[in-house]
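Labels run A, B and C following the written order; every chain starts at residue 1.
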Amino acid sequence: MAKITLSKLRHSYVPDPQPDDYALKEIDHVWDDGGAYALLGPSGCGKSTLLNIISGLLQPSEGRILFDETDVTDLPPAKRNIAQVFQFPVIYDTMSVYDNLAFPLRNRGRPEDVVKARVTAIAEMLEVTSMLKTRAAHLTPDNKQKISMGRGLVREDVNVVMFDEPLTVIDPHLKWKLRSKLKELHQRVRATMIYVTHDQTEALTFADQVVVMDLGVIVQIGTPVDLFERPAHTFVGHFIGSPGMNVLPAELRDGGAFFVGRPVPLEGRIVKTGTLAQIGVRPEYVSLADQGLEAVVTKVADLGRHILVETRAGDTKVAAIIQGDAPAKGETVHLDFRRDQTRLYLDGWLATEAETRE
Amino acid sequence: MKTENQKAWFFVLPVLILVAFNALVPLMTVVNYSVQETFGNNQFFWEGLGWFEQILRSERFHASLGRQFFFTFMILIIEVPLGIAIALAMPRRGFWVPVCLVLMALPMLIPWNVVGSMWNIFTLPRIGLLGYFLNDVLGIHYDMTQQPVAAWITIIVMDVWHWTSLVVLLCYAGLVSIPDAYYQAAKIDGASNWKVFRYIQLPKMKTVLTIAILLRFMDSFNIYTEPFVLTGGGPGNSTTLLSIDLVKIALGQFDLGPAAAMSLIYFAITLFVSWLFYTLMTKDDQE
Amino acid sequence: MTIELHNVTKRVGAVTHIKAATLTLEPGHFNVLLGETGSGKTSLIKLMAGLDPVASGRIVMNGRDVTKLNTQKRNISLVHQFFVNYPHMTVFDNIASPLRVAGMSKSEIEGRVEEAARILQLKPMLKRRPQELSGGQQQRTALARAIVKESQAVFLDEPLANLDYKLREELRDQLPELFAGRGAVVVYATSEPEEALLLGGKTTLMSDGKVVQFGPTAQIYRRPVSLEAARVFSNPPINTATVVKRGGEARLGDKASWTLAGPHAALTDGAYMMAVRPNHVVPARSDRAVVPLTGTILVTELSGSESSAHFKMGADNWVSLSHGVHPYKVGDNHQFFLDPSQCLWFAPDGTLAA
């Protein structure tokens, strides 16, 4: 297990890059030993590039990577003591499940009794003991993926285990099981794990700390709660949560924010300056009230646990998640934003400060 | 279900007719000949299984069948590993890919009888470049019209030159279809190059390799034109393969009955070996 | 336009893929087919599209028996999970292809393609080829091709499954508008219960080749006819446990008991299978969630605004789902509260009792 330091990392897939050519723009970050981390972002945000740089499959254009205090930037993947689980399960078809799990250990010349003890323990954890003698080619996709994970966890000396969208080919109802399994595994083996995904649920469920990336830049690093409760950027607000945060065009005057001509109370005072002003409030914190902002209901979806109401205020779409009785489509309603969850964003970045509670 | 599929027969019909005239009718003619004796004039006499018995006991048949097997064995043992090795060495992407592919395909585009003549002239002492080089420059006595060993070496080298490309191209197709993730995972698992070959590349090439070996077996077992043009079966009978012998009997001596019986035995052997091989290769997948 | 299926069965060799499906699908709303992979959704779509032969039963479209009619004559569109476009054609030509096959005039083709491209925001990409587009744009091209045709039935077979999470949300949001007012029957196959709820309309629950339940989406979510239906329409999985009724009291092994009210009280005494959705097992007592359940926390998950906890009580695993963030700790004993009025009781044969 190791601490991972990324120092001034930059990467471009083209030679002699211009500033816009970087798939990964200057990243400086430290991942602590034994943590569970997620890299979250849409396709093309640079998360896979970063992952491949850490695993050594890709040489960064600039910057260094350190495992603990050792510089591994120039080491090939096999020398880095890492494990990686890919999007599509990689298994050795002709081998049995046991041999698959034993493969990384045997390649490193471990004695057979050590191999046996490790494989048995990992198989137990993954609940695949009954399949040890089966040929790996005959397994279902989720079991194949479990075996790929097992090959990563079987080595006692791995610095970091990386997951590259590992649940892509897994059925939704099994995804849920594997997700819990993975979390449980982390709690048991305490290896540093990095999980790359575009799926917020997977990221928030798995990680203690989530790194949100967009366009090659880290937008926010925080706990799942932070990201949900206080998005540092409108992108994070939009990307996390389903549906994402309402981002409403705002007007700044007299030291306050206005939306469709009405003043909107914010969580606290505005501490930054900027040109493009937007109000961010999650649908979870928008409720229907007797008075206040007028809006017309455009869509109602009964989601069982709660109701998703989409409205139009002026020309802007505002979503609300409510409990209880649903309004009818076309009805005019009044919206209320919970004050301590209503924030101002300037040029995309959070510009208000939460009021400290007395 | 059936009512909908009626139309399909209509489309299959031309193929059926073609196959009938191409394979079924000639095959039945051969079966017909194989149980009769003829002295020309279109007169036939019933012979029963006599020809089959005679051929199966004939030493001449055993000898040419042995040579045929030896030939096939030799070319498979050379072409398959060589083909895999070349396929592994070929670039997977970039500018050189099409160049390599075209170079590989070239020998296969040359007509078979031309290949035979080419190698004939190429290896003849004094006339041919190789013949001249071996005999007059290196001083090695090499003459396939005189020496059985030289004749055999020439036939085998010729076939390897002509057909290894087929194995290469098929294996290459198998190799490029392996996703990068497999190689990356193997690197991370600390696998050596040999293990990558043994546990990733070879299993993924298995299907195409099966096809390649089957094709090479059937082709080489039935090979006729090239060795006939090259050596004519000589010197003596040393390179008289079963196919060459068959033509000698059928057309040279006009012994239609024995030739037909021999064809059928030949056919049965090819079919049986192919079936055996295919069953063994695919057995694993079905267990 | 309607599609009716009467006892439609599909067999391949000795295996029955679809077992006597009877359904009526109508335009004006989404017809969702919900079930796990392998439950028969794609098989059913292929039968309706005429891509596979029906072993027995009848398919009627708009009053006309089409059971034996081939795909080309059914006037339908199909969008796959994988992005299927003609790689050598531009986006414009891709969208125009069904119209060209139909022999439409050049000006009319242009008009229709422009219109479809506008709705699906593909206008700037019309001259590009599919491989130059992102996954979302490729799938929008496939959707555009499906709508220009003005076909009577549109089959969408997990069309969003291979898209990024947010793109999926965005495109799903546009779908209802896309098909509104076209009069076509829209069939949408998905394996995600949440997606069925978001699309609304009517849902057909499928399991193991059978139609388990059919009806308005929200209604069958609340009143599953059988335990199987409840299981298919629940993610995270619905909690199940054996409950014994004696007189006015319900007993959950030796773990919990409560006084029965409403329809549950009217049932005959005996053992039942009880199912309750995770959002009715919550970490805080309320006026409705009153029955305490204590278990050991196994795993905790946070998905945006909701947190779930998986806990073990006796031999059974339970899941609780609630709004907000809770300080669960794995391995701790924690008390949850069950809302008995939201429990669904099933008779031993699996049918809904109350």
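By definition in this document, a residue touches a chain if its C-beta (ideal position, glycine included) is under 8 Å from a C-beta of that chain, and two chains touch if they have at least 3 such contacts.
Quick caveat: nothing in here was measured; it's all calculated off a predicted structure.
Participant: By count of C-beta pairs in contact, what is the leading chain pair?
Facilitator: A-C
Participant: Could you find the chain whose CA centre sits the greatest distance from that of chain C?
Facilitator: Computed centres place B farthest from chain C.
Participant: Roughly how far is chain B from chain C, going centre to centre by Cα mean, in whole Å?
Facilitator: Computed value for the inter-centroid distance: 55 Å.
Participant: Cα centroid separation between chain A and chain C, in whole Å?
Facilitator: 25
Participant: Enumerate the contact residues on chain C facing chain A in the complex.
Facilitator: 36-37, 134-135, 164-167, 169, 176, 191-192, 194, 197-198, 200, 217-218, 221-222, 235-237, 277, 279, 298-299, 301-305, 310, 321, 323, 325, 330
Participant: Could you list, by residue number, the parts of chain A that touch chain C in their complex?
Facilitator: That would be residues 42-44, 171-173, 176, 179-180, 183-184, 187, 198-201, 204-205, 224-225, 228-229, 238-244, 282, 284, 299, 301-305, 308, 321 of chain A.
Participant: For a test of understanding, state which residues of chain B touch chain A in their complex under the given definition.
Facilitator: Touching chain A: residues 179, 181-182, 184-185, 187-192, 195, 199-200, 203-204, 287 of chain B.
Participant: Considering the complex alone, what residue numbers of chain A touch chain B?
Facilitator: It comes out as residues 55, 57, 76-78, 82-84, 86-88, 90, 92-95, 103-104, 107-108, 135, 148, 151.
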